[in-house]
Amino acid sequence: MSGNTLGKLFCVSNFGESHGPAIGAVVDGCPPGLALSADDIQAELDRRRPGTSRHVTQRQEADQVEILSGLYEGVTTGTPIGLLIRNTDARSKDYSNIADTFRPGHADYAYWKKYEHRDPRGGGRSSARLTAPTVAAGAIAKKWLAQTYGVKVRGYMSQLGPVSIPFQDWSHVDNNPFFAPNADVIPELEAFMDQLRRDGDSIGARIEVVAEGVPAGWGEPLYDRLDADIAHAMMGLNAVKGVSIGAGFGCITQRGSEHGDEITPDGFETNHAGGVLGGISSGQPLLVSLAIKPTSSIRVERRSVNRANEPVQVQTLGRHDPCVGIRATPIAEALLAIILMDHALRHRAQCG
Amino acid sequence: MSGNTLGKLFCVSNFGESHGPAIGAVVDGCPPGLALSADDIQAELDRRRPGTSRHVTQRQEADQVEILSGLYEGVTTGTPIGLLIRNTDARSKDYSNIADTFRPGHADYAYWKKYEHRDPRGGGRSSARLTAPTVAAGAIAKKWLAQTYGVKVRGYMSQLGPVSIPFQDWSHVDNNPFFAPNADVIPELEAFMDQLRRDGDSIGARIEVVAEGVPAGWGEPLYDRLDADIAHAMMGLNAVKGVSIGAGFGCITQRGSEHGDEITPDGFETNHAGGVLGGISSGQPLLVSLAIKPTSSIRVERRSVNRANEPVQVQTLGRHDPCVGIRATPIAEALLAIILMDHALRHRAQCG
Amino acid sequence: MSGNTLGKLFCVSNFGESHGPAIGAVVDGCPPGLALSADDIQAELDRRRPGTSRHVTQRQEADQVEILSGLYEGVTTGTPIGLLIRNTDARSKDYSNIADTFRPGHADYAYWKKYEHRDPRGGGRSSARLTAPTVAAGAIAKKWLAQTYGVKVRGYMSQLGPVSIPFQDWSHVDNNPFFAPNADVIPELEAFMDQLRRDGDSIGARIEVVAEGVPAGWGEPLYDRLDADIAHAMMGLNAVKGVSIGAGFGCITQRGSEHGDEITPDGFETNHAGGVLGGISSGQPLLVSLAIKPTSSIRVERRSVNRANEPVQVQTLGRHDPCVGIRATPIAEALLAIILMDHALRHRAQCG
Amino acid sequence: MSGNTLGKLFCVSNFGESHGPAIGAVVDGCPPGLALSADDIQAELDRRRPGTSRHVTQRQEADQVEILSGLYEGVTTGTPIGLLIRNTDARSKDYSNIADTFRPGHADYAYWKKYEHRDPRGGGRSSARLTAPTVAAGAIAKKWLAQTYGVKVRGYMSQLGPVSIPFQDWSHVDNNPFFAPNADVIPELEAFMDQLRRDGDSIGARIEVVAEGVPAGWGEPLYDRLDADIAHAMMGLNAVKGVSIGAGFGCITQRGSEHGDEITPDGFETNHAGGVLGGISSGQPLLVSLAIKPTSSIRVERRSVNRANEPVQVQTLGRHDPCVGIRATPIAEALLAIILMDHALRHRAQCG
């Protein structure tokens, strides 16, 4: 029942803090027989890695993954896969100031209220750094889904603050630091981010994740619906404040005669459902949207209190992402892959 | 791991179909010592009950709950609480036509692909009727939360199709069939629904749920965050296509200097976070929004296929809600209460 | 995570108390497509039913099961199966005396310490009556295992107090009130029980359960081994104080050259392993033994205390089994079937 | 739901193989505020470590544990504790012979049937080496239980093959390689083991584990009883074929007037119940017994088959424990501590 485990049959148990010795995950439930190497995982980790452009945190982490178990002769055995990533650029410094005050919008306040004793170094457990083990586990799920069912999970940024990013082509996504599916909008995004950095401020973003090739029939009717488990995974990602499927919040103003996707012998005519009907996959592409809030660690001075509840002015220096949404795409893909693999296994259990 | 169970320490195991003998739930994990009666539960069921206005399904169900276990002398014993609701207005008719074709936007298609054998009577397991046991279980959670922590969970409709419903006052909510917190907009809502019914069409809606009095510190850092579990529960509700917390999708265009809620010695200045920071409650009111799609069972003719994948025209007669959002408020409240109680117990386990 | 649920993929959520309105279970995870009727379940319930011979409790309960959900046209749909059994012979009387004192060896003491508020009527939740829903759920598992894999689960009593019951033939088991696989020993068992009843005392017993036809490969390496889950289920049965597999406690004095079952091209030569190697089924018959303690509710006077911790003499009158082991055989079979079905589904999920 | 996780609120997720790069565990659910160091854990690991006497395997492993996360300034934070133990004496050799034949009584046969692809090096996942992470996690549970509730968990060997080991005093247990609570019997045990080693054979053993200071009220009534969860944990340990509580299999011949422990104002008079009544702790010491089978890896030649099902003679050379029971005591203590801590947290959740 551990809160730090994602998935029920494909289980990812995450551990670590931003500036501790290491982060990682135990991945339990991967079927035997999948060819897997550290390179498969590293490729995904490198997409999420910090320090790769001027628009993200400048912390230098190789995010080198070591597979500790679960493989024999390059193939999964069905036993747990231990994944280890050493923290290498954890700066040793005095955290007493950070530990004493609370950043507006940051988890530090809630952690303090909950645990009373917490690791303040680099955000500790609340750091987005902990998404790296998720991405590593997701790489396994992606490969298994692709090989077993031909499922392809991809994502992109569709909006950065006020700048909409119209979808042009998947080929652009991995050719810019924003995971933008549009080559023309990159200069505008770069200019926006450069000004934002000068302002010492941060910004929100919107991410889309798509899974193609998902067979109809994955998911369960009540509570653990496929869309419900996707929502759980996505809302469990740092900084996410909204999750939607298909038409999403747009469905509020739709009529049934517009929203319900008509079916012909050649398939569905539209995909307002976003690939899920009654909590179960319909065979259409799964369409998921995330709203990601602006980072709380900013240079702009803000009012807050310290642990003695005295008023203070807070200004966060150090290395931070001015838009956590920029690196969110590979993480959201990983989360979707994990949930899909989990439901693939659940479906196999229940329906053979 | 059953897909039909909600919660990890406060566990609601739901069973039943729309036109089977009965629906119900086993509620496991309620602490001993809570005074509880069938009336406590009935009061919430009556808020969700069908047939109470012309704007909802005309199916007549008393939704009379029987408590089968878990009480002694009117007080919970800590053992599972069995809840039973008999179906009384299940119409006996020929379902072979419904069982052979698929309604655009309806779960029947996905069920067929998953199970191959399903109960087509009134939607079977996919019917919104199965939210009644959720509401019954939520009534227990509401009472326990109120008595133990002073938590108050309430909800309202904030939009019906194109009609926005500005918040006036909580006192209005239970005085109209829409759970609208605004007395002035009722005539407009009624007119809209009357026309919609004449059109044989359906419409989406937006629901807000609020929990006040939640102590800071409930929730877990990773994966099982409080907001993640709320998203899971809400997206697991029939017809929900989007869930957001606090600023929700509005956070995309916010800057960090705007989104992060400043703190003074007297408390937070704003609540863009919606009461959750880093997955853990902040002590502010929890603010949750749901987007609910229009019902798929409509009189308007639509293109679809039958099980032989031949083209058919589908028109759904019978008793259906033209806006499932209308009855969604008490259900969403119940879901939020269940998740909060679950996390209250998890917090007690972990932090004493 | 509910404590009252058995199984992880085939999940049995049990509710009820001895003298409450009803007992039952929600069975979640049964695959679609299994032909099932109340009669299938009733047949197993009737084997466990009280009042069928003078050697068991004289409480009269028809133990009539009603299937509330999960079936359509006599076939499982894959959705939860609600099972309801009304209590009909719950005697209304004054329980204040029982509620105030503790029977030596009885759960009442521990319940009081745990919950402070408990249902004392007929043992409440601690009554062996709560094994009826287990038997009902087990009937489903038995049928599914038999039809899907040809697995046959059977059990018998091998010892009643000092009387050993040598195995003669399976055909005897259902022809005597003891589930004894031996026709010749019945008179001795009856005489022993008659004297015991005159003494107002109770006695222990040993039960064997066997599953034939289990394919090799079910179970998991660590922690959730097949034998571990069997031990959990069996030790979770009222009055069980010991569980063993294959050679059991006899293995303590065995050498490896004796215990390890040799293999020939025709199969294993012996079955000291009891059908499980390294937590995984070997393809041999599963052999499970249970030690069942004597009932604590006896007429013999015993020393105890009341809730004020004052010394009292306790003598338990009323209707009780003088040997709970007598009715334990069908229950142990049900438990084994539930665990096997759970692992069959887990195996399907993991290994396809 | 991962099979490699033990505990529901205090969760130990185990990973690794005997000759892979590393073994370890993620321990999720430890409350914040516990002072903890690697030394606390190392002390328990050193008790289980191989190579410390001539009676156990001569594999040399330092079993040095590294704590990867979950601590800040020497105190637990409430977040997952990552534990890493590098394998250092994994011999590189040709395993093709071992991989092709099956040792009588060994898990290799069942693994092959289940996974088809397995790690044969040193037994892979089925090796008793995987008990090291269990012991490491158990050290945390032991410390927390001792500090929070004054619970003391200890164990000893009570029988080695035909040699009974009468309990003299706890002080002897850690002063001999057998964990025998008796100084006088050591020469006999050593002579027995020396002869056994010359014979190239192995032997079974019996282990007792005791927990003192457990408060009354831990455990749940049905299915997840305290004794059931203990049985699950113990039967999940390599080589265990039987588990009993209190009187254990001796209860079969007991009468109720003998078995039921009488109570006086000063406490219980006996402890046949072994500290559990109705699945819930009674406040008496918890008494658990394990039957441990002889190792299957022996020099004595035995009949078996290869993967082509051809008859072969199997003789296992290499480094093996001739009695796995010898090192089982600290492992069984760890398992009991883990289950007790899990139920302590569950009790806190449910009963405050």
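Chains: A, B, C and D, in written order; residue numbering restarts at 1 for each.
Methods note: a residue touches a chain if its C-beta (ideal position, glycine included) is under 8 Å from a C-beta of that chain, and two chains touch if they have at least 3 such contacts.
Not measured: the values here are computed from a predicted model.
Chemist: Between chain B and chain C, how many degrees of rotation does a Cα superposition need? Round to steps of 5.
Modeler: Fitting chain B to chain C on C-alpha atoms yields 180 degrees.
Chemist: So which chain is the furthest away from chain B, centre to centre on CA atoms?
Modeler: D
Chemist: Report, in whole Å, the distance between the mean C-alpha point of chain B and the mean C-alpha point of chain C.
Modeler: 38
Chemist: Taking each chain's centre as the mean of its CA atoms, how far is chain A from chain C in angstrom?
Modeler: About 46 Å, centre to centre.
Chemist: With chain centres taken as the means of their Cα atoms, state the distance from chain A to chain B in Å.
Modeler: For chain A versus chain B, the centre distance works out to 26 Å.
Chemist: Residue numbers in chain D touching 2 or more other chains?
Modeler: 1, 3-5, 8-9, 14, 29, 32, 78-79, 114-115, 125, 221, 346, 351
Chemist: Help me check something: in the complex, which residues belonging to chain C touch chain A?
Modeler: My answer: residues 1, 9, 29, 31-32, 78-79, 221, 345-346, 348-352.
Chemist: Where on chain C does chain B make contact in their complex?
Modeler: Listed in rising order, the residues are 1-5, 8-9, 11, 13-17, 20-26, 28-29, 32-33, 66-72, 75-82, 84, 114-121, 124-125.
Chemist: How about chain D: which of its residues touch chain C in the complex?
Modeler: Touch list, chain D to chain C: 1, 3-6, 8-9, 12, 14, 102-111, 113-115, 125-126, 130, 159, 161-162, 196, 201-206, 215-225, 227-236, 238, 240-265, 269, 272-274, 276-283, 291-298, 300, 302-305, 309-311, 346-347, 351.
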